[in-house]
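Same chain, two partners: subunit A is paired with subunit B first, then with subunit C.
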Partner chain A sequence: MTTLEHEARGEGTVVDRRRRARAGAWSRLDLHGSPYLFVAPFFVLFAAFGLFPLGYTVVVSLHKWDLTGDAGLIGFENYSTLLADPDFWNALLNTLGLLVLATVPQLLGALILAALLNRPIRALLFFRLGVLIPVVTSVAAVAIVFGQLYGRDTGLVNGLLHLFSVGPVDWQASRGGSWVAVASMVNWRWTGYNALIYLAAMQSISRDLYEAAQIDGAGPVRQFRSITVPLIRPALIFTVVMSTIGGMQLFTEPLLFGQGDVSGGSLRQFQTIAMYMFEQSFQNFDYGYGSAVAVVIFLLTVIAGVVNAVVGRMVRGGTQ
Partner chain B sequence: MRRRTPSGHGNSLVYLTLVVSLVLSVFPLYWLFVVATRSNDVVGEFPPPLLPGGNLMDNLQRLFGPEAAEAHFARGLLNSAIASVCVTVSVVFFSSLAGFAFAKLRFRGRNVLLLSVLATMMVPVQMGIVPLYMVMVKLGWQNHLQAVIVPFLVSAFGVFLMRQYAERAVPDELIEAARLDGCTTFGLFLRVVSPALRPGAAVLGLFTFMGTWNEFLWPLAVLEADNPTVQFALSQLATQYYTDYTLMFAGTLVAIVPLLVVFVLFGRQLISGIMDGAVRS
Partner chain C sequence: MSTRWFPGRPGLLKISVAALAVAGLIAGCGGGDKDGASSEGGTITLTVKTFSQFGYEDLYTQYEASHPGIKIKQENIAQLGDYTPKLQQWLTAGSGAGDVVALEEGILVKLMAKPDQFVNLLDYDAGSLKSNFLDWKWNQALTTDGKKLIGLGTDVGAQGMCYRTDLFAKAGLPTERDKVGALWPSWDDYLATGKKLTAANTGASFYDSSGALYQNILMQQGDTTYFDRDNKLIVDSNPGVRKAWDQTVAMIDAGLSGKLTTWSPQWNAGFKKGTFATIPCPAWMLGIIQDQAGPGNSGQWDVARVPGEGAVRGGSFLAVPTQSKHPKEAAELAKFLTSPDGQTAAFKAKNNFPSSPAAIDSAAVSGAVNKYFNNAPVGKIFGTSAKSLKPVYLGPDNQVVGDAIGDALTAIEQGKLKPGEAWDKALSDAKRAAGK
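Up next is the complex of A and B:
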């Protein structure tokens, strides 16, 4: 850049100097303008289709707004209706229950899997590809296959249980049964993904630490608890936060588990808040109320994320 | 390499656990394949049929024939192919461009702009779907394919990812050298930067393609059953033909073929992408 400017200011014939000056102006414009041109497409499109809808959700949620259009500002009425709405609390209960059932086994399983994959084993790539398969599969496909596996009369799960003289269980009918079925879909799909994240973190831990611990007489389990887990804490917090965000938005699995019924079973026994939002917005066409649900989902996600991050920090304080 | 040689007993337990989890990983997909190649009367049998049958062609014919016309499956495949390719090309291009600018160019307001990208990265887009739907209505795009393409042409996550990648992959000396040769900034991007960004862009492209192919909620909101994406068509199968397992499974099998192709061709890249933190759930 300095060279170009230097050249532009340099000696030469009048024509030459003018030509150079013009080239200098162009290159300066290029130098200072191009970065903005390069980031502009992102910001323009994102503002129109990302940021605006997000902000406008809050506006719509403060209006009475349905298929016939905007019927005016009603303040926080949608929110007070929501807080008194048993269907919303039911959906929230289902979402939180599923969040726990789908996150805890997933992350524990991933931790064990990663610890095993971090050992000097044969056919490592083969096993890694194996854990990747569920990540690559589409959610709808998972939901359809698992829906059949959990079928009351024709499902394999009940077939297996029958061998132990249990059932047949109507997995869809009860809250507990449907939670287990839906949570198993989430667990199946994401355990491998999280295992790979943990594995990446584990591989960056120095071998010297383990050797030192071994000299001090620490066994594999003790090494895992006292070296591995504390040192991969950033990855642990990351996966917990991401699973929480994912869990608060759970939609496809329970929807297809109930044959596309957005109310999540006859008694709404597995309707999540994302499904409730969809039902209000796109089935009852109550855009104002649906937007209020969306805002609440967002706030709950932020709260859950912050709580998880804080708990993660506190755990750190506890072990050191 | 760990110097300690694991005891034989411990090692076989490791392999046993790994093999069990491998079987659990693969079984649902294998079962999908088995049922898709069978006829409906064997589905409820126990012990279940564990080997594929000869009915795949028959089931596929039913899937694309008049019997499952309501699902508009072929249309869904075509729509998803178009949308996934458009979104992938666009996200990769614009993310590389912006990522390069954030990583390697100096301009006023860079840090503030980058921070705003980071801030929006974690916000679930799902939250804005009601106003986004209203925007589509204003534009007259409901039930048009562009409704599932245009809003996703850029990605905050993609920009962030490519910025991280460009930071590492593009040496500053290379940029200075090209500048001295009189390269314009865009020429610099095309000739010097983008070759260096290619591996990172490939991973972003793979995950963007899979993400768009798998997108579910938004197409369901903005499209109609006669002009679906492939996942929407699948949900139609699961809703309207849910007693016809072989039909449903044949459709599901077809719907995951592109994903399986990506897996077979680029499995290693996907793994390193995840391990580098290139994807989010």
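Up next is the complex of A and C:
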């Protein structure tokens, strides 16, 4: 046998075989390892800026930690204080109240808006882009404008109410008034965004269904209820979950509505849990306690998300 | 620099809308967190950490010229709200705080609870400088046993009482500032004047809102407020607190308050439209009044002395963290910057009102007048106010307790609580906040 034949049959010398095995290891590593390398940037960044702060917040929440530094591990004391803290429950009530006031009208409004935009109307592109304008407006600008609108002495809203001989309302002073004002800010800002999501979902619905329904004698309202809404359900669930998460973290609007007062009014009537966290951490510099609030917000948001998903699934079972 | 962040009540975090809007832009200007002190080839670099505007640029140049071998690096953070968390990080991490750090009053009283993070300036012969500072300013940075000094005073938010001359004229009151000041030797007299003005139906309230007034009255009530020197909460037993509260409630009852939230649109507009006749104004507020009232109202606003004896809202200090590698040189620099000459220079640069009696008496400060306010001798008015204030001990949790009481006063103004209920709520909130 010649050397050539040896090699052709893959028998080779010992050295050759080793070399080939090494190359095989490399290519195996390349095959199985490199994909991890390619996706690594995201995970490394997520670990550094997402996971680590999350874990560290939990650690800090178990400590007594203020402006002068770490004063030692105190276990769950921050949490037990928190559960007995009326200001926290008050903030939670405000957050949930604002969540309802800001999410329900917003999503209903978005649904109606999307249905209108899904029809052949004049200047369609103009209107479709127009509903996005609030989203690209800076929150600070929104808050300044709404702050003027809801001004006690010279506000436009009180001016309008005056025409009907109502008021003047001190929007900041009462719980109801401040909730309405803050919720209107959130609604104004996000209705258009959700409408576009619904619109995109609506456009993927086959026209045939509507034609068939028309032949069966269903009017526009019936078509909307029986075809449009069920078929865009994934989009509905998505927006509900996103709005809930946004609502749980509501911060800037109520903060700026109160001229930057993190206690959210004289009786904390519009202080959200995010504001309460900020107050404890960065006004009172009680980092341990503030971190405990942050962890609880995280858990509550997870719970709200899960509840949404479960309800969404139950609704699916109901309609189909 | 000192208190613009805390306009309504000292220490209350009020982020003005504009401030928040630009916060994002300036957040990036924090600068590197690297070790401040470094020495190469015999040159020592001292890093000075400040917030807002301390007006030290010329002083640095001057100091470097007179101290060969010293280089100064300033790292400034525009907003106090961004600066404080960073400061905490530097102190906790044990590096990054540089050699000289600026401490706002509210932060200083908290840090006094754990003074070991800062060099004892008495070890660097600062003791001889005591007469350079107002007594209360000196004492604020001195531990209660008097053995450790952690900071040297920079500026103070010396305060006067600003008033609308046109409204005073309409109500038949004197408009000339000395005579206006003579109207209210005490807060009772201020109340009486307020009743006269509101009775004249000028359409304006007597003052903007009660929080700042209460704070002003409280600081004149003796040497403690909410805490005694052992940091025991005495808010319910200190007669001074109750007196300041009752005095403020009496003014609300008399209908003198405009019930305007500080920084709200109607508060801002009030300066121009004259919806309130007086407002307690620290030195830094003069610029805000001028901006809000506009050039058309030049001369309508004037400034007089405050009722009672003196008033100050906030102020700052310079300290040397123990993590500094050149504490001796850093302490020398801090002494230089807070010297009477240094403070006078900072006043000239950025109108930061000095805490040094010698600087207050210097021609540059005491001769300062403000054109917009009818050429009021503001240097003299604010100087007298700062000098006549007696030392008050605050305690590390002063701010949260003050916030609880301030909120209760606002609730009375808004008609949400009766004074009695508000007082009970303030006390229970204060106890909870201090016990946390």
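Everything that follows uses one rule, which is that the second predicted complex is superposed on the first by the 274 of 320 C-alpha atoms of A that agree within 3 Å, B and C clash if a C-alpha of one lies under 4 Å from a C-alpha of the other, contacts with A are read in each partner's own complex, and residues count from 1 in each chain.
Going forward, a residue touches a chain if its C-beta (ideal position, glycine included) is under 8 Å from a C-beta of that chain, and two chains touch if they have at least 3 such contacts.
Fair warning: this is a prediction, and the values are worked out from it, not measured in the lab.
Asks: After the match on subunit A, would you call subunit B and subunit C a fit or a clash?
Replies: Subunit B and subunit C clash in the superposed model.
Asks: Now for A:Leu51: first (subunit B), second (subunit C), both, or neither, which partner does it touch?
Replies: Once the two structures are laid over each other on A, A:Leu51 reaches subunit B alone.
Asks: In the overlaid three-chain picture, which partner chain does A:Ser138 touch, first (subunit B) or second (subunit C), both, or neither?
Replies: After superposition on chain A, A:Ser138 lies in contact with both partners, subunit B and subunit C.
Asks: Based on the superposed arrangement, let me know which partner A:Ile121 touches: subunit B (first), subunit C (second), both, or neither?
Replies: first
Asks: Return the chain, subunit B or subunit C, that is in touch with more residues of subunit A.
Replies: When the residues of subunit A touched by each partner are counted, B comes out ahead.
Asks: Going by the contact rule set out at the top, does A:Phe38 touch subunit B (first), subunit C (second), both, or neither?
Replies: After superposing on A, A:Phe38 lies in contact with subunit B but is clear of subunit C.
Asks: Look at A:Gln259 in the shared chain and tell me whether it touches subunit B only, subunit C only, both, or neither; answer first, second, both or neither.
Replies: In the superposition, A:Gln259 contacts both subunit B and subunit C.
Asks: Is A:Gln249 contacted by the first partner subunit B, the second partner subunit C, both or neither?
Replies: Only subunit B; A:Gln249 stays clear of subunit C.
Asks: Going by the contact rule set out at the top, does A:Asp153 touch subunit B (first), subunit C (second), both, or neither?
Replies: In the superposition, A:Asp153 touches subunit B and subunit C alike.
Asks: Using the superposition on chain A described above, determine whether A:Ile112 touches subunit B (first), subunit C (second), both, or neither.
Replies: In the superposition, A:Ile112 touches subunit B alone.
Asks: State which residues of subunit A lie in both footprints, the one left by subunit B and the one left by subunit C.
Replies: Common to the two interfaces on subunit A: residues 138, 140-141, 143-144, 147-148, 153-154, 252, 255-256, 259-260, 282, 287.
Asks: For subunit A, which residues count as touching subunit B in their complex?
Replies: 1, 3-4, 27, 30-32, 34-36, 38-39, 41-43, 45-46, 48-54, 56-57, 59-60, 109, 112-113, 116-117, 119-121, 125, 127-149, 153-154, 156, 159, 162, 188, 190-193, 196-197, 199-200, 207, 210-211, 214, 220, 242-243, 245-246, 248-249, 251-252, 255-256, 259-260, 274, 278, 281-282, 287, 290-291, 294-295, 297-298, 301, 305
Asks: Using the touch rule from the top, collect the residues of subunit B that touch subunit A in their complex.
Replies: The touching residues are 1-4, 6, 10-11, 14-15, 17-18, 21-22, 24-26, 28-29, 31-32, 35, 43-44, 46-48, 94-95, 97-98, 100-102, 105-107, 110, 113, 117, 120, 122-135, 150-154, 156, 159, 179-180, 184-186, 189, 210, 213-214, 216-217, 220-221, 231, 234-239, 242, 245, 248-249, 252, 255-256, 259-260, 262-263, 267-268, 270-271, 274-277, 279-281.
Asks: Name, in rising order, each residue of subunit C that touches subunit A in their complex.
Replies: These residues of subunit C touch subunit A: 8, 12-17, 19-21, 81, 84-85, 88, 91-92, 107, 110-111, 113-114, 117, 261-266, 269, 275, 399-400, 403, 407-408, 410-411, 413-417, 432-433, 436.
Asks: Can you list the residues on subunit A that touch subunit C in the complex?
Replies: My answer: residues 66-70, 81, 85, 87, 138, 140-141, 143-144, 147-148, 151-155, 170, 172-174, 252, 255-256, 258-263, 266-268, 279, 282-287, 289.
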